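In what follows, chain A forms one complex with chain B and a second complex with chain C.
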Partner chain A sequence: MTKRIPFDVRLRKNLPGWLIMLPSLVLFSFFVWEPLLESVRLSLYTAEGMRLVQFVGFQNYLDVFQHPDFWPAIRNTFYYTLWSLAIGFLVPIVLAILINEIRRGRSFFKVGIYLPNIVPGMAMVLMWGFIFKPSNAGILNVMLSALGIHAQPWLTDPHLTIPLIVATLTWQGAGATALLYIAGLQGIDPELYDAAIMDGAGIWKRVRYITVPNIYNLARTLLILQIISVFQILYQPLVMTNGGPNNASISIMQLVFRYAFQNYDYPKAGAVSVIISLILIALTAAYNKLNKEKDM
Partner chain B sequence: MANKNAGYGIIRDLDLKSPGVRSGYRLVFAICVVALLVGIAPMVWVVVSGFKTIKEFVISVNVIPESFDISKYTGTWISLKFAKYYRNSLVSVIGSVGCAVIFNGLLGYALSKVKPSGWRIVYALVMAGLLIPATTSIVPLFINITRVHLNGSFVPLWLSIGANAFYVVLFKTFFDSLPNSLVEAAKIDGCTDFRVFRSIALPLSRSIMMVVAIYAINAAWSDFLLPYLVLNQSGLETVMVRLFQFRNGKTSDIDILRAIVFVIIPPTVLFLFFQKQITQVTAQSGIKG
Partner chain C sequence: MRKTAIALCLALTLVGMASAQNVTVKLGIWPEDTLAGDIAMHQGFVKEFNATYPNVTIVPAYYKYATDTFVSLAETGQLPTIFESWFTEPQKLIAGKFVKDITAEVKALGWDAKMNKSVLDLMSKDGKIYGVPRDAYALGLMVNVELFKKAGLVDKSGLPLYPKTWDELAKTAKTIKDKTGAAGLCLLAKDNAGGWHFTNIAWAFGAKFEAQKAGKWVAALNTPEAVAAVQYIKDLKWKYDVLTADPTNEDWGTGFRELGTGAAAMYIGAQDAVNQPTQVNGLDVKSLALVPVPAGPKGQFSLMGGTPYMFPANATSAQVTAALHYLEVMGRAPLVNAKTVAGLKADAQNRKNQGVPVVPTFPAWTDPAFLKAQAAALDESRNVDMRLYNDYYAAVAKKGNLRTEEPFAAQDLYAELTKVLQAVVTDKGANVQALLDTAQKNFQPLLDKAANK
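This part shows the complex of A and B:
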């Protein structure tokens, strides 16, 4: 333990720092920390509009579980996540490795693949809605008919909705994520490759024993960030499909949106929010535990 | 222009002597070109289709419109009153940039260079905000904003971006890279903490302020959920809120298509000017913007 320093000395030493932080701390409390805690409290009460009325324990949670859209939303959200791991996780890695091999005009490619990432989410969602139009007006169906293939239902086919939405997410995010991997690839010491060549390693062996292990940690971090972000998917089902067809694409965040801003049932919206947070915390913790065991 | 890193990937100059590797390299190049086209084609299609008439858009199978008459775009601009929504978005963006730089910058500076006792707790709380998804607390946040009667105003949008954990971390990392000796020397000369911040830290941190500003412009321009909750039906709707209102179905498809173009233009221009800063920070931060 340190020796006791007089209070006024400590105050004079620390006060300026706290004053500098104070405005930001007020903002963080109002916009981030308090709402996080408040959503827990909110979920345990009944409310009239925004006024909390009565403590009801876990009643809101029980009601939410009974809601006909709840389990479809949970199931779909896991589907979104699984599809995004199947489609969205490997694309940026492969793209990064390929672009990093380009000898001329590499920076041009890097700028080009990032471009979809600057399209604002709402514009991107509407744009893909047009591309996937099920009638003969959709550009994809126009292209298919030029090849002599029938018009496809795209998003209105319940089996295709989620994979297609994930494809649009990948379209938007893959380039930006690939840049992260490219930065990682450039950090690999070229001498490692030289040494491997001396040992007679071909190109595939270099990829397998040098490239992949060197971006492994980065990939692990990005994997969990991707899961967290896809789990909160909202704009796409909200605008492109409105959760349909027949609840085939409704997401758990969309349920929060419906409870809160269509039914004005804030406590139930809070309950669903808390459930989402708990699932994400559990996923992250399980994931960290798995990784630790692997490292040992 | 030859890249100075050429030949430092997996395929080396020596490998290219083999014809198999050479055609493999051509395949790699071709795949990258295809990826680039897939990335850009949808945006090009929207811009080009915006030049079609409604009839053309519904019936014609040609991708290229009959004429490239810019008056079709200006017509939509006027009939949808987009100048108004642009103005609203601009006000939202300007205030957001100011708040993003000032509040996150101050906190990042204090956590890096001043470090009053208890800073570790604050830092841990900030990092927790980075990991726990913010969208799940949108309902209580909306209630908070309504309770202090800030609905229908830009103020909550400006201030909310002043509490952004990602920007705080960017600032803190930057200030951590400035040598402590600079600050200590100034303090020995009798400078107060505020003086050190104003005369030493501030002038040195132009580059990071620039980066956060660019990020904040994009974030504020693209943000939808909070602006929708706070500004819907207030007459102050931003362009994104307007885009969402198209869902009600009173606007023709071709007008919506042109509106999408209006919305994409500002971030594209910004990106073309600052592509280096934007792509570099993306690569360093590990979090996409």
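This part shows the complex of A and C:
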């Protein structure tokens, strides 16, 4: 039985903590939580511009569900996420392990893999747009034609659009993630490797029994962060394909963008945003639950 | 004491009246900073304007309408007193109550009776007027004359032998592609502008996308006529191969770039955008021709609309009236006096200086005296061979040639059609009927929501 600590003592004890948190609490409530709640409220009304007009319950949600682009957008967004896990999740881990194994020139490779990350997002998508241009004028096709290969449709092939966009995302983002993994790898006690080598473990065994278990927690966090971030993919498809051809690459965030900035229909944009966050909350919760079971 | 009080009241009233007359107009139609010539012209307009209306302060407030800035500016009351929007926007802006009902102000000047009826409808809702036209447009086919010359498609006097029908267009485009390597036609399929252009093509094949049946609006996207029109587009890509490299990446602006830089020989465009291939994209002013939209098996039509000037909801009546008077000085109002004539002349001369073809406008106003004065001012600064434009103007003057866009949910219609276009230009095996069936199924509920409440 613990004795209850008097309120004033608790207050005195915790006050500095609250004071330190206060600025961020204020900023968070103003810039994050209030807008978040406001957009939930918005999604339940009709509006003229941003002026709420009438409470309509879940009508906006029903309308959004019935929009011809809604289900393709949801489907594609899951494709983006799955492809980004298939293409993008392992790349930084492999890069990190390779760079960690290098004895000379490690900094050179670290800088090298990080460089794509400093290209501004818009410049990146425009550049890849030129590279993937589906004609004899596209950069990739010019290179292929030198090898005697016909011009390929690239982004205009509905089956390739999403994997290619994910490949450009990976090109840009893998380096930064790899740096996190490298930091993780460097935290591993080198004695573990020395011991393993003495026991006669080859590189695969060392990776499997030392490296992977040691970065497992980091990888788990980065996995869920990647899902959350790729799920909100917007400007890459917006600029590279405008969601086309025939909705092959439209993402759910693009639907928010269209409702808000093409139709000025903010309540429906709010409704889609709420749907997105519910999906992400559900995914994260499910994921955490699975992981907890595994941990036990 | 009493006298003093009365005198004081009188003085206050006078001051009050004087300040009520002082009006500030933030002019969103001021030219952007880089257009020195246009700015000089407007500075002249302001001087002229203030000579008659000394109580009005004109504040230059260049604003280029953009969907990502508009609502924030409107909601915070920061929109300029008068701004130019796109032809797609009026009904949306009216529905969102972003713009002011200017019926009283327009009627006081008698302009409502002088406005082209179709244009008036575009800017009105429930009998109330919300905008005045900058100008109207009717789609035609823009032609890069240099490429036609290179392909040998000119007559003895060097005029382009342009296609009169869509069938001819496919063949002409093929000749151009074979002889010059440039695309024959720039087709748009990136955004709603693709569907917008396509409706004009499809009308010629007999398609009509919305019709009223038994009091209910019914979509007709999957008719045999619409299928024929889409099949034609599909053929342009796979049978003739005359389109630019990636139509799914072409929008209104890139189309003019392809045409202006000689990457494409033909492009659907209107007379109000002749500055785009020339001034903006460097095509010689004499190398542009504007000809009628080709005819199809079911006729020849031109889609018409208007670009509006609009006023924010929080503008006062005095501000709106002052801004309308400023349009008079610019020669954009249906009036003929020394001021408007000078404005018209300055505008035409400025276009000539900037390398923009000075061609007749498409009448947004119907006042005969104004049209005459406008035509005279344009004739004076003419810098192009009108034989490159005459057929277009003759075509749009024909009865039954002009059509406004489909009446309800036009942007949703365009979105559905654009998806179909994207599918047929990227997939050789695309099933046109099936695509249009899907589009029909998608669009009818949206039409119901907009029209069949």
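One rule holds for everything that comes next: the second predicted complex is superposed on the first by the 266 of 296 C-alpha atoms of A that agree within 3 Å, B and C clash if a C-alpha of one lies under 4 Å from a C-alpha of the other, contacts with A are read in each partner's own complex, and residues count from 1 in each chain.
The rule is simple: a residue touches a chain if its C-beta (ideal position, glycine included) is under 8 Å from a C-beta of that chain, and two chains touch if they have at least 3 such contacts.
Everything numeric in this text was worked out from a predicted model, so none of it was measured.
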First, second, both or neither for A:Gly17, with chain B first and chain C second: first
First, second, both or neither for A:Phe261, with chain B first and chain C second: both
Which of chain B and chain C A:Pro153 touches, first, second, both or neither: second
Contacts of A:Met50 with chain B and chain C, given as first, second, both or neither: both
Dominant contact partner of chain A by residue count, chain C or chain B: B
Touching partner for A:Phe109 - first (chain B), second (chain C), both, neither: first
Which superposed partner A:Ile182 touches (first chain B, second chain C, both, neither): first
Partner chain in contact with A:Gln236 - chain B first, chain C second, else both or neither: neither
Touching partner for A:Ala137 - first (chain B), second (chain C), both, neither: both
Which superposed partner A:Tyr193 touches (first chain B, second chain C, both, neither): first
Set intersection of chain A contacts, chain C complex versus chain B complex: 50, 137, 261, 266
Residues of chain B touching chain A in the complex: 1-3, 5-12, 14-15, 21, 24-25, 28-29, 31-32, 35-36, 38-40, 42-43, 45-46, 49, 57-58, 61, 63, 103-104, 106-107, 109-111, 114-119, 122, 125-126, 129, 131-144, 146-147, 159-160, 162-163, 165, 168, 192-194, 197, 218, 221-222, 224-225, 229, 240, 243-244, 246-247, 253, 256-257, 260, 263-264, 267-268, 270-271, 275, 278-279, 282-284, 286-289
List of chain A residues in touch with chain C within their complex: 48-51, 63, 66-69, 129, 133-138, 153, 156-158, 241-242, 244-247, 261-264, 266
Contact set on chain C toward chain A in their complex: 67-68, 70-71, 74-75, 92, 95-98, 189-191, 245-246, 248-249, 411, 415-416, 418-420, 422-423, 425-427, 435, 442-443, 445-446, 449
Residues of chain A touching chain B in the complex: 10, 13-18, 20-21, 23-25, 27-28, 30-36, 38-39, 42, 50, 95, 97-107, 109-123, 126-128, 130-131, 137, 139, 142, 145-146, 171, 173, 175-177, 179-180, 182-183, 185-186, 190, 193, 197, 203, 206-207, 210-211, 218, 221-222, 225, 228, 231-232, 234-235, 239, 253, 256, 260-261, 266, 269-270, 273-274, 276-277, 280-281, 284
